[in-house]
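Once you scroll down, you'll see the structures, which are given as structure tokens.
Same chain, two partners: subunit A is paired with subunit B first, then with subunit C.
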Partner chain A sequence: MVHFLMFVAFPVVFSVVLTFHKWNIIAPMEYTGLNNYILLFDDKIFLKSVGNTLIFLLIHIPLQIIIALFIAEILNQKIKLKGAFRGAFFLPVIVSGVVVTILWQQLYGFDTGLFNRLLTGIGLGKIGWLTDPDIAMASIAVMATWKNVGLYIILFLVGLQTVPTQYYEAADLEGANHWQKFFKITLPMINPTIFMVVILSTIGGFSLFIEPYIMTGGGPLNSTISAVLYIYKQGFFYYHMGYAATLGLFFAFIILAVVVVQKKFIEKDH
Partner chain B sequence: MKRFFINITLLIIISLSLQSCNSANGSSDSKLIYWCSNNSYEIQFAKELTEKWNKNNKDVSVKYQPVPEGRSSEEIILAAVVGKTTPDIYSNMWQGDVEVYAQAGVLIALDTIPGFLDFLAERCDSEVVEEIKSLDGHIYQIPWKINPIMLIYNEKMISDLGLSNPPKTYDEFFEASAKFQKDIDGDGYIDRWFGYSEVLVTWWQRFFDFYPLYLAASGGAPLVKENKAVFNNEYGVAVFKFLRTLYKKNYFSKEQLSARQDVFLSEIIATRFTGPWEIAHADKFKPKGFEYNFSCIPVPDDHKGPVYTYGDPKNIVIFKTCKKPQAAWEYVKTLIGRDGDLKLLQLTNQLPRRKNISTISFFSSYFEQNPKMKIFANQSKYVRGTDASSVLKEVFDLISQEYEACVIYGMKTPEQAVKDASDAVDLLFLK
Partner chain C sequence: MASIAPENEIGSLTIMPTSLTLSSYAQMVDKIPIGGAFINSLIVALSITIGVLIFGSMIGYALSKLVFRGRELIFYVIIFTMTLPFQITLIPQYIIMVKFGWIDTYWALIVPYLINALSIIMFRQYFKSIPDSLIDAARLDGCNELQIIFRILWPNSMPAIITIGIITFMASWNEVLWPLIVIRDESLMTMPQLVTLFAVGGRAESQLGVKLASAVMLALPIVLAYLFFQKYFIQSMASTGIKE
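Here is the complex of A and B:
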């Protein structure tokens, strides 16, 4: 109870109170009414940061589900070195996010990065993976997918192993091919796993911070600034605590809304 | 959200730790606590001068200690202010932060201490005294040290271009850049640039490109004055145009090169805007036969008069928690007296902010032994710090946003970008 009051209830109540104040930590709080909320809707960079986060999710979640499901399906077959493959795919998950980010920053380098060297090696032009505003967020989404996909492969593997084999045997007798079995049996049967993966990816994606913070600082042209990074900047670069709390609260409601919609959509589909 | 609360929690934890630190220090009425920077050279500086003070002043002793470890000393000071666990004296306060603390009422107005203004007038030019005045007319900081930003250049590369001196004006800079840039590996892309400046939009990165160039072009003009932007002028536009050309023509790289091996020492670039800290680094890591030197920041072709730059000043403050401000001031005087300043030079290779330092005979032997530091000492007459404003970081952030849009990506004309930055700063002050 004490833990709940100290670390859950108090911060939530305090941050709601903060939203009605201007506070830079060192000077006394100044009551500003709804001013922070008015500023929020006029803040183009915040709205862009929310848009960026949604773009990240739109790329990251489908990519992650498709790749994770594809690899899980392969690893669910009778193949050699299955355990080694599972371990290899899971390895990036346990590596520090900062390390992974720095590593990929090198891979994405315009002049010396491996990807551009491969492209020029086959006669193609270089790509500004992190310097082109149109593709920088996609580059980050690909990296985040590589980092996290191992976890979702494991979740899908668990889901796949719960599908009763009798269904596949019955489908075989009916003459169903591999794709028909996948779409008519596997996918509906692992729907709860897909739902869980979507929810986890969404929440994880909404908290996008380390990758843009280290790789791009939110640039170029604010194309990779995520909502959490922007809230962090407002709070801990500029000490606009009241405003940062307002952004945080507003963003929490966006996350809630998206998760509720996802839940309804997937349940309806199910 | 999660990180937000983690940081708030960390701030509380740091505050509590500092509270316990201070209790453990045994801070009492007769003992002053001095926080110095936590690099080994400055710790040595604080140690030597504090020991000397304690030997001669039995009534009020001083305990020095490095600022507690944290992500940044700024954050630690903030946590200390929140937790009311500030030391009596703190050196290394960035000049741009002082106004915030002054407005919060946590610093002592030093001009109210008898003898302070006389001492200051003897140490600093009247321009410096004006520069450090807060908006309420009081002075809350003691100018201590500076690290002027200048142009470092590779001597051999410059002479290979047929130049006897590094470029001084924008046109000379463009000419040298055009001659120098090269596609070394023949893949159709430039991979040797004349210079480099960090392309990140982070506000303080502009201390190493836009701001020193603006000060150089304008003869040290302010960015903001009386809560209004004053940089929408011919100098602001000229600097944006200059930088825009450097990126547009690929004279500077748009890629982040900082994660690679030092691009200056590995001769990928020929110049860089940097401070005197580069000397120790370059001397330690330069390849055999590599020679470098420093020059003024480039200026517009029609520039007349001295060339100013940004001095990155770090100053000393006395917190209101200090029970003996007069004694604290007496101690600070030993840190910034002539002996203290010489010790600072010898131990840290950082320049004291003292007028005519390059011509005072007391310091001449140091500069004879460190001729590259003499260049910075000569420049020190023409440096500016930051304007008095409690929203300086936001001001630089707004400039940085427009800088990126115009200079790096060419999405706006320099005129439009400078105007938009200026309008945004004015709006910021209105809010």
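Here is the complex of A and C:
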């Protein structure tokens, strides 16, 4: 209970108090009223960082679901070495994001990266995976998908096994093909799993930090700066504690709003 | 997606074959205190895991087997804290650390993580499936509450303990944002933090081999643990949906 008061209740209350102040930790706190909130709505980089995070989610979540579902479908058939494949896909999930990022940074390298060497090898031009502002965030989203997809493959596999086999047998009698079975039986039956994956990867995606921090530092032209990365910079590079707390609080409300909208959407669907 | 290839094999495709000697590792050890960081990470992750198991089971026990006023209220407050995004508490928690003088100490890395809502909820759930008669019998035999938790309930809750243990250990081993904030002294840094700063800070001098060597060192302990306990890892994470 003491622990809870100290590390949850107090921070939340203090956070709200902080948002009305200007403070660099060393000098005394200075009351500035709503100034932080006014700053926030004028802060183009913060708004961009929130936008970047949303772009990340919009690429990451659909990609994640499609790939995970596709692989889970394949692994759900009776194939050899199923356990080995499952284990291999799961490996990036347990490894630190730091490791995955350093690795992909090499793959994405402009001159020496594997992807560009393959492209030039087959006679195509190089792509600025991390240096082109239009592509960089998508590159990070693809990497994040590679890292997390193993977990969602497992969740989908569990989901697929709950579908009663009689449904498929009945469909076979009616002469349904593979695609019809997938869209008419599998998809509706595993809806709950899909929703769970959406919510989990939304919350995970909103905490995007280490990947852009290592890979691009938020560049080029702030195209990959995520909201958490920006809050971190405001708080611990510039020591704008009051402002960083304001950003955190505001961003938390955005997260809440997105999750609530998703939930509404889900409940309406049912 | 060639996720089948182990981390270091993919990496080796992009570096010159000549640098595939151990010289990258030797250079890395020269440049950063990776051994010390390994010890730090181990101390921090083990302390957190033990703390979470002990406190989680104690609170989980109180919330499932003891009857007192406000029990349900406390439970809902705990659930509420789980839904709270860390973005809100990040800055105030840092300030608490500054006020306690815990910056650049193990305390800052360990204490905020000692109790965690998910572990309480999982223990509570698991303990509910253990019959009350077992606890009553133990009480008649003169066990006190702590003995009930650690002598009676623990041996009967191994699946829950393994799941919570693995998830907690992995999450704290891989945690990087919080160490970056509260630790500035290189000799106290955890492994992910040190490797991150090494990769970002330019001290690797754009030598890919050295950077990748540090990444491999960081991945190795978890990958080894994974190879031995693969089944438990997958079960634990599938049952909670938790990643880092």
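Definition applied: the second predicted complex is superposed on the first by the 270 of 270 C-alpha atoms of A that agree within 3 Å, B and C clash if a C-alpha of one lies under 4 Å from a C-alpha of the other, contacts with A are read in each partner's own complex, and residues count from 1 in each chain.
The rule is short, and it goes like this: contacts are C-beta pairs under 8 Å (C-beta built on N, C-alpha and C of every residue); 3 or more make two chains touch, one makes a residue touch a chain.
Note that the structure is a prediction, hence the values are computed from the model and not measured.
Participant: If you stack the two complexes on chain A, which partner ends up touching A:228: first (subunit B), second (subunit C), both, or neither?
Facilitator: Both subunit B and subunit C are touched by A:228.
Participant: Given the touch rule stated above, what does A:207 touch, subunit B (first), subunit C (second), both, or neither?
Facilitator: Both: A:207 reaches subunit B and subunit C.
Participant: Between subunit B (first) and subunit C (second), which does A:120 come into contact with in this model arrangement: first, second, both, or neither?
Facilitator: first
Participant: Hey, is it subunit B or subunit C that touches more of subunit A?
Facilitator: Counted on subunit A, the partner with more touching residues turns out to be C.
Participant: Based on the superposed arrangement, let me know which partner A:237 touches: subunit B (first), subunit C (second), both, or neither?
Facilitator: first
Participant: Answer with first, second, both or neither: which of subunit B and subunit C does A:102 touch in the superposed model?
Facilitator: The answer is both, since A:102 touches subunit B and subunit C.
Participant: Let me test your reading of the model: by the given contact rule, A:51 touches which partner, first (subunit B), second (subunit C), both or neither?
Facilitator: In the superposition, A:51 contacts neither subunit B nor subunit C.
Participant: Does subunit B (first) or subunit C (second) touch A:219, or do both, or does neither?
Facilitator: first
Participant: Can you give me the overlap between the subunit B contact set and the subunit C contact set on subunit A?
Facilitator: The overlap between the subunit B and subunit C interfaces on subunit A comprises residues 7, 11, 25, 102, 105-106, 109, 112, 207, 209, 217, 228, 231-232, 235-236, 244-245, 248, 251-252.
Participant: Under the definition above, what is the set of subunit C residues touching subunit A in their complex?
Facilitator: Subunit C reaches subunit A through residues 1, 3-4, 6-7, 10-11, 13-15, 55, 74, 77-78, 81, 84-96, 98, 112, 114-115, 170, 173-174, 176-177, 180-181, 192, 195-196, 199-200, 208, 211-212, 214-216, 218-219, 222-223, 226, 230, 233-234, 237-238, 241, 243-244.
Participant: Mind pulling up the subunit A residues that touch subunit C in the complex?
Facilitator: 1, 3-4, 6-8, 10-12, 14-15, 18, 25, 67, 85-99, 101-103, 105-107, 109, 112-114, 117, 146, 148-151, 154-155, 158, 196, 200, 203-204, 206-207, 209-210, 213-214, 217, 227-228, 231-232, 235-236, 241, 244-245, 248-249, 251-252, 255-256
Participant: Can you list the residues on subunit A that touch subunit B in the complex?
Facilitator: By the definition above, subunit A touches subunit B via 7, 11, 24-27, 39, 45, 102, 105-106, 109-112, 120, 126, 128, 130-131, 133, 207, 209, 216-222, 228, 231-232, 235-239, 244-245, 248, 251-252.
Participant: Would you mind writing out the residues of subunit B in touch with subunit A in their complex?
Facilitator: Counting only subunit B, the residues touching subunit A are 1-5, 7-9, 11, 75, 78, 81-82, 100-101, 103-106, 187, 189, 191, 199-203, 253-256, 259-260, 391, 393-394, 397, 401, 404-405, 408-409, 411, 431.
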